[in-house]
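Structure incoming, see below.
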Amino acid sequence: MNQLSLEERLRLHGVSRRGFLKFCAATASLMALSPAMIPRIAAALENAKRPSVIWLSFQECTGCTESITRSHSPSLESLIFDAISLDYHHTLQVASGDAAEHAREQAMKDNWGKYILVVDGSIPLGNKGFSTIAGISNVDMLIETAKGAAAIVAVGSCAAFGGLPKANPNPTGAVSIDMIIKDKPIINVPGCPPIPVVMTGVLAHFLTFGTLPELDHLKRPKAFYGQNIHDRCYRRPFYERGQFAETFDDEGAKKGWCLFKLGCKGPTTYNACATTKWNGGVSFPIESGHGCLGCSEPNFWDAGSFYAPLSTPIGHVAQNAGYALAAGALAGAAIGFANKQKSSQAIEKHEEITVNDLIKGETK
Amino acid sequence: MNSATFLIWVRETGFLIASSIFIIGLTIRFFEIFMLGRKKDLSEPKGCAMRGGFKTIFTRFLPQDSNTFQRSYFIIIAGYVFHIGLLVALFLLVPHIELIRAALGFGWVGLPTPVVDFLTVLSLISMLALLWHRLTNPVLKMISDAGDYTAWILTFLPLLTGYLAYHHLFFDYTWLLAFHILSAELLMIMLPFTKLMHTFTIFVSRFYGGAISGHKGVQV
Amino acid sequence: MSAPTLQKGLNAFAEQIDAPIASFFSSCVHCGMCADACLFYTETGNPKYTPIHKLEPLRRFWKQEYTLMGRLKKALGLSKAISDEELEEWKELLYNSCTLCGRCSMVCPVGNDLAYMIRKTREGMAASGHAPIDLVGASNRSVTIGSPMGVRLPALQAQSRKAAKETGLDIPFDQVGAEYLILLSSMEIMNYPEYLQAIAKIFKQAGKTWTLASDAFEATNSGIQIGVSDIARELVSRVVNAAEKLQVKTVISPECGHAYTAIRWDAPNLMGRKLGFKVRHILEVLEDFRQSGLLKTEGLEESKITFHDPCQIARRGGVIDEPRHLLNLVSNNFVEMNDHGKMNWCCGAGGGVSANEEAHEIKIKVFNRKVTQLKELKVDTLVTACANCRIQLEEGLEEYQIDLPVVGLTEMIAEHLVETK
């Protein structure tokens, strides 16, 4: 089985050549590649020998794994996993204990320098003991496993940016992968969770070209994270017209008006949700009537209430204004008093001016 | 710092700093002015100082007469268009109203964004015209100082960044939004200490000026 | 007695700055509209005459001494201190090219009363020895002789005798208990004796008692013009004391702009107390008479006439409707100038400019504003109610070679009085 190419294995699963090419075309369009690239993707996938993938899960909720595995089965997204050799994934693997860790070490040894390391979850640096696997702390396991990796895919916002574990006050001292690993190519696939096809698309790109896709300033593949949700949102015309839902059950909400006032973070979120959508293209949060949380953006967890509009300040504005007013009144009274003193002193110092005091050098 | 964390900083820490300095600065400035006081006018009034003062607050929104308008039409028209655009963008754009609602607990109905957008463009054009006027008119050249140009930049930047952000022009929207908020915060910080203070003291100076006339029975 | 020093000048600035001034400077946006309202700018095109620019020394002082940021800058040595040289440079702007007409105050979109501030800046200018020499001289004559033009009581007595002869009426002096105390300006005594005659006739017809005060006949006040409150107080107190000694009910300011300001508005504030009598401008009194039916006139002026509002009486004094009612009483061909009433254009000689020889050239130059206004109207007679304006109007018309008689409103009314046997 391991020696079969992807296409052969797809055949075994009853996927036709036509269906396979359709997947290649979809992947190409998703990654904004030219149609000329479709045969190249097909050829690469047909001939790809299953690279070894080690999947490490640290401080995470398994949502990312759920997302990728719970896609419509048997979907092409799940099948693509047949194209890789998932040698270690402690949620999915059968082995446990020593055997599990042994599998990781073996895979590393066998594929040194060539395997792909997928990580979900953030790494606690506050105390190594906060999160361990088989007695090995997350940070040690990451550093050790990263050494022989060809590339690292940080899946989910926790691995990419620190995620909810990093939320203020960050009790575990959680950090993202790229805060620890500096010498390996890292692809961030953020989202809470990421869209399944985005994860598979990144892997497809790597299989096809053997290189990383083009990344943005946050190391996210531009093909998926180059689009602004607000720009692609089907509710945008309501924003332009100034028609907003004020509550989740008012007329505006029923009519599908813009959710900006209900805290939608679409304008500052870059992801493929509005075009690729979720659950096999069924819907995405805004279409379901809830504003975007901006879950694929750094620190979205600390960006104030999910239900506060993007244009509002974060924090206790009114309380602070009260303090500022009190401080201003105190300082103002002191300065105002000094001004008054200066003015009164000037009046006291006034020497009566007579007609004889008006010409310089002519004092009489 | 990336755009998302920068946006959070300007929305949280930046706003905290800016609003504090704004409020403290304004309060200090008002104490500075009012605590100087003024002598009670002992002369027998011919008209009502209070009435003249309060009336002038409103009447001075318009030029005194058509001749004054003709003599200063450029500054009056450009000034009006600029101020209207600025105030409409500031107070009638929905995201700004939401900010006011979050800060003060109440808000009002906004205008459709294309209307605000149009007035913002007019406002930007007027500001450029006013800058050109300031740079070329002999009187304005003579009386303008660094403070005038600082105030111009402080006012122009939020309008410009707001316009660019709304249209998602040239830069990443998150950066633009963050810079827009930052520029507005700079404006808030500097307002009490520049001629932009007229935003608030205009009502005070008009009152005093009008009261002086009103006391003497001059119609204002 | 001590020499004027910069320190005294700055101390005067510190005394003068009050809440209105602080609010005015805080509000100014440097829009330049005050320039378009100032005849010294419109007639010369020189931007240095922009009213707000004339206030630059006071503004800088306020900023450095009365604002937090200015104080910080000063403490850090980042601001330039106000120097004698600078004040000397500004002397021309604050005295020669400002008549305190207050037209700029009327157009300022933020409501700044610039004339109020210039008047106060002059306090610092005078205290630091930067007042024009001619105004110093006029003040000196006012204090020592009793009149800026050096007019003494005998001159007035001579005019009074002449007036008594002309009118056949008594010219009363120092009548205790008279209802009205009449004040005169030196110019009226020397140049326009018709005024005194008109007063005698009008009051006779109205049946009102009046008097002159031999120790306080001069209404003008050089202290107001040069900007020395101490001198202004000294001068105005003579009038106040005389009026209270004679127990008059009302003191009448003559046809003179700044005299009205001095006695009507400044006197109580200079004295620091309310006055025991009322102060009215002669036009207000005449209008009172008209309304009470005490002013009976006959005949109408046939010629086309217009009225030049003296700034201190109209825009700075609120006497705007009164002259119009009076003019319509004796004329059926009264027309308004393009800008009139509170928006009139200054003659160019008020606020001490007429007494200041250094300002002679520019005062004639800016008179062009009035010439333009008059050319638009083509009137036969120009009426006014300020002797100072009247001299400037006559001199200016002469310079611009325009033949147009200038008449005082009070005299014009007097000429139309119904003859009483």
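Order of writing sets the labels: A, B and C. Residues in every chain begin at 1.
Quick note on the criterion: a residue touches a chain if its C-beta (ideal position, glycine included) is under 8 Å from a C-beta of that chain, and two chains touch if they have at least 3 such contacts.
This is a predicted model, so every value here is computed, not measured.
Trainee: Taking each chain's centre as the average of its Cα atoms, which is closest to the average over all protein Cα atoms shown?
Mentor: Per-chain C-alpha centroids ranked by distance to the global centroid put B first.
Trainee: Taking each chain's centre as the mean of its CA atoms, which one is most distant from chain A?
Mentor: C
Trainee: Applying the document's contact definition, name the chain pair with more C-beta pairs in contact, A-C or B-C.
Mentor: Result of the comparison of A-C and B-C: B-C.
Trainee: Nearest whole angstrom, what separates the Cα centre of chain A from the Cα centre of chain B?
Mentor: Centre separation, chain A to chain B: 39 Å.
Trainee: Find the geometric centre of each of chain A and chain C from their Cα atoms only, then give the gap between the two centres in Å, rounded to an integer.
Mentor: 75
Trainee: Using mean CA coordinates as chain centres, what's the gap between chain B and chain C in Å?
Mentor: 37
Trainee: Taking each residue of chain C in turn, which ones touch at least two of the other chains?
Mentor: In chain C, residues 17-18, 66, 68 touch at least two other chains, as defined above.
Trainee: Enumerate the residues of chain B that touch no fewer than two other chains.
Mentor: 28-29, 32, 34-37
Trainee: Going by the touch rule set out above, which residues of chain A reach two or more other chains?
Mentor: Each of 335, 339, 343 in chain A touches at least two other chains.
Trainee: Once bound in the complex, which stretches of chain B touch chain C?
Mentor: Interface residues on chain B, with respect to chain C: 28-29, 32-39, 41-44, 46-47, 56-57, 60, 63-65, 67-68, 71-72, 75-76, 79, 134, 137-145, 148, 151, 193, 195, 197-198, 201-202, 204-210, 212-213, 216-219.
Trainee: Would you mind writing out the residues of chain C in touch with chain B in their complex?
Mentor: Against chain B, the touching part of chain C is residues 17-24, 26-33, 35-37, 41-42, 45, 47-48, 50, 52-53, 66-69, 105-113, 116, 264-269, 271-275, 278-279, 314-320, 338-339, 342-343.
Trainee: Can you list the chain C residues touching chain A in their complex?
Mentor: 1-4, 8, 11-12, 14-15, 17-18, 65-66, 68, 126-127, 129, 131, 133, 136, 139-140, 142-144, 226, 228, 230-231
Trainee: Taking the touch rule as given, give the residues of chain A at its contact with chain C in the complex, in rising order.
Mentor: On the chain A side, the touching residues are 335, 339, 342-343, 345-347, 349-364.
Trainee: Spell out the part of chain A that touches chain B in their complex, as residue ranges.
Mentor: Those residues of chain A that touch chain B are 217-218, 228, 230-231, 239-242, 244, 260-261, 267-268, 270, 294, 297-300, 302-304, 308-315, 317-318, 320-321, 323-325, 327-329, 331-333, 335-337, 339-340, 343.
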